[in-house]
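Chains here go by letter, A, B and C, matching the order in which they are written, and residues are numbered from 1 within each.
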Amino acid sequence: MAMAAHADGDDDEYEEQEHLERPLSLAEQLAKDLAAGAKSFEGDAAVVEELILRRGLPIPYSYVDMLMHTPNAFGTGPACVVCHSNADPAKSYRGLDLSSCEGIRTGATEEPARALFVPGENPSKEILGRRLRNNRMPFGIGYQLATGSPSIDIVEDWIREGAVDDDHFRETVLPLFATEGAFGHDLPACTDCHMSNQEPPSFHELDLTSFQGIMLGADSVAKGVENATKVVIPGNPEASPIFQHLVENRMPPGISPLEDRDHPNTLILFEWVRQGAPCD
Amino acid sequence: MAMAAHADGDDDEYEEQEHLERPLSLAEQLAKDLAAGAKSFEGDAAVVEELILRRGLPIPYSYVDMLMHTPNAFGTGPACVVCHSNADPAKSYRGLDLSSCEGIRTGATEEPARALFVPGENPSKEILGRRLRNNRMPFGIGYQLATGSPSIDIVEDWIREGAVDDDHFRETVLPLFATEGAFGHDLPACTDCHMSNQEPPSFHELDLTSFQGIMLGADSVAKGVENATKVVIPGNPEASPIFQHLVENRMPPGISPLEDRDHPNTLILFEWVRQGAPCD
Amino acid sequence: MAMAAHADGDDDEYEEQEHLERPLSLAEQLAKDLAAGAKSFEGDAAVVEELILRRGLPIPYSYVDMLMHTPNAFGTGPACVVCHSNADPAKSYRGLDLSSCEGIRTGATEEPARALFVPGENPSKEILGRRLRNNRMPFGIGYQLATGSPSIDIVEDWIREGAVDDDHFRETVLPLFATEGAFGHDLPACTDCHMSNQEPPSFHELDLTSFQGIMLGADSVAKGVENATKVVIPGNPEASPIFQHLVENRMPPGISPLEDRDHPNTLILFEWVRQGAPCD
């Protein structure tokens, strides 16, 4: 039989469990949920969501270690450790060592040194989350294209100087978002996909056609205007999603932007971080 | 050159080896078998069968450890350790820890505590074997459906009370096997696939249309009546395959019942168990 | 932002880096290459080539260890360690232990004991390289066919005795290369694919139709006659590619000869060897 609880052969077992002093075991919780009949979790992602994430199963570091060493763990591409296995920036990109738990928790040691996440917190907006989930823009741009183009520099400088709605913005910055090829030869204009705060047709309800649209941010309908995701943080390009999306490549390098951003292993890795990124 | 034996350049080498005091090396045994010309082992499963299982190659625990940590190791689905990595039943289903050799050998620690196998013996009928090879019935049922339905309880109780051919059996138990949907909405009746002791058309030569058929068991033609696999053990539903198949989900959760039950990694894991499940 | 160098927001950063005392970090080197605009590295193999091999990233042994334990790591087939995990030739083919770094560096311990490679040198022509990249000939022959046939013995003996262009060669050895089925039932003749020193149509510019062609070797046009790859080393069949290709099976056993010989993991493993095959 699948469930320990069931083995008791007691029809009232689920009600009785409510009165137990001890916490329910995972198997008992699952049996209870199944008996309640309200669950629907089919498919691989649903298995991970329902059996693991929803119940807060501790993710062992040994699993994380395997993920770091395995090709295609988070989508098609090389294993993380072949590029990031040493704290020396001359031996490993960004001095990032993903081959040890300490290295994962430390993050990039090359200046500017940066952690990948905050242990215990959701990493989806942190570097870890962005690198595994966010496609570099414009959609379809190759990781091999330089991230320091004049167009990108103009956006970066505008944000760093306060993201003001002035003549410079209207004449020089805003037109870049509407120009095909502005951020990469033959690539679409930003506004081809982000043209209003309605989705569809505008992805993420993001409007890059005006200063007001840009400052409103993404998902203002779904989340409400107050909770929309800001894409520009005046004075801080590094923290601004609009800039991050122009210069941060999704990992592993070469992955297709069409691959699922919510790979089950990505979700499991994030859960490990939320659990505090324990090393034992 | 492929074989050490061949390197001697001695046409009589195979005969001479018969007189050696030392045991043949694996390479010598293989060269001998190849020279005999009777082998035919093509395809992935055949490679595992011929090169590994047939020759009793020691399976290292390090390989077993990798299997436990790898998605899709025994068919499509999450890695074993993401659900089973702790002896605490509040942290890991059934208190089963597959992330360590000791944990694998201990099995489920939640009551009723149960080992997965007996080291040194074939695990195919033990919990390990059933969970990796046996599809939950009726065919196509989702793992997310509760295992404690009234219909299943009726079968369980009937077996526990002795599996007698009485009015209760004929009026209440036997009809369940012939009723579509009895063990899951829209799912086929047991007798749709198990209607006689002849295969084809009856899978596993199992006849669930009568008391005599049920007690005869499975594969009575292939193995002979005396060696048929009993599907009901009177008084012991937990040991009865007919009940096991109703309440035990094949692992990993969500795997298609159409996936090969004899995955090469399953066969290798079973061989490790037969070799005593060594931890070094 | 992707690159630390870019973070400085300094347009002259690349020129300035030339004057730095310290070596460039990998990220800086990459940013410099990207800025130079001459790179084109798309696709999985290109990622490995450009980001890893070209820049000499240290390959950690932990990645090699994972490769040895993973099915399909170098193409479809069982993990290396299921056949090679022990120094005892009665427990592991050729007494080869690929489950430890020391074992990998030691190679086959069964007589004739042989290392797989020379640490620090390119292993592509060594046993490691041949076994992972070279298809056994004739093309399509199964690994399960004996490597000690009379035809192979004739070639071996001819090479060992000096590879002379005499009556025996012309009457007995040379015709084997032109005879369908000579090295395996229903398999093509060698000269079906290797009939001149021009490719196309002759694979590897290898001509097995005459003594002169055989002694000229492979790739005499591409590399020049002086640098052509010798396929016969008179007196030494074990070192002669023509003999190696007849008796050495490509690993893993059962792999299709059509699978990519330059699997990214094969290239990474070779790089680890070139780096000295370090164990830490």
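In this text, a residue touches a chain if its C-beta (ideal position, glycine included) is under 8 Å from a C-beta of that chain, and two chains touch if they have at least 3 such contacts.
From a predicted model like this one, the values you see are computed outputs, not experimental measurements.
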Angular offset of chain A relative to chain B [C-alpha, multiple of 5 degrees]: 120
Same or different contact residues where chain C meets its copy chain A, judged by the half mark: different
Where chain A and chain C are represented by their mean Cα positions, the distance between them in whole Å: 39
Touching two or more other chains - residues of chain A: 66, 70
Chain C residues touching chain B - in the complex, by the definition given at the top: 66, 69-71, 76-79, 81-83, 85-86, 89-95, 99, 108, 110-112, 142, 144-148, 153, 156-157, 160, 237-238, 243-244, 247-249, 252-254
Residue ranges of chain B touching chain C (in the complex, touch as defined): 1-7, 9, 11, 23-27, 30-31, 34-35, 37, 39-44, 46-48, 50-52, 57-60, 62-63, 66, 70, 264-265, 268
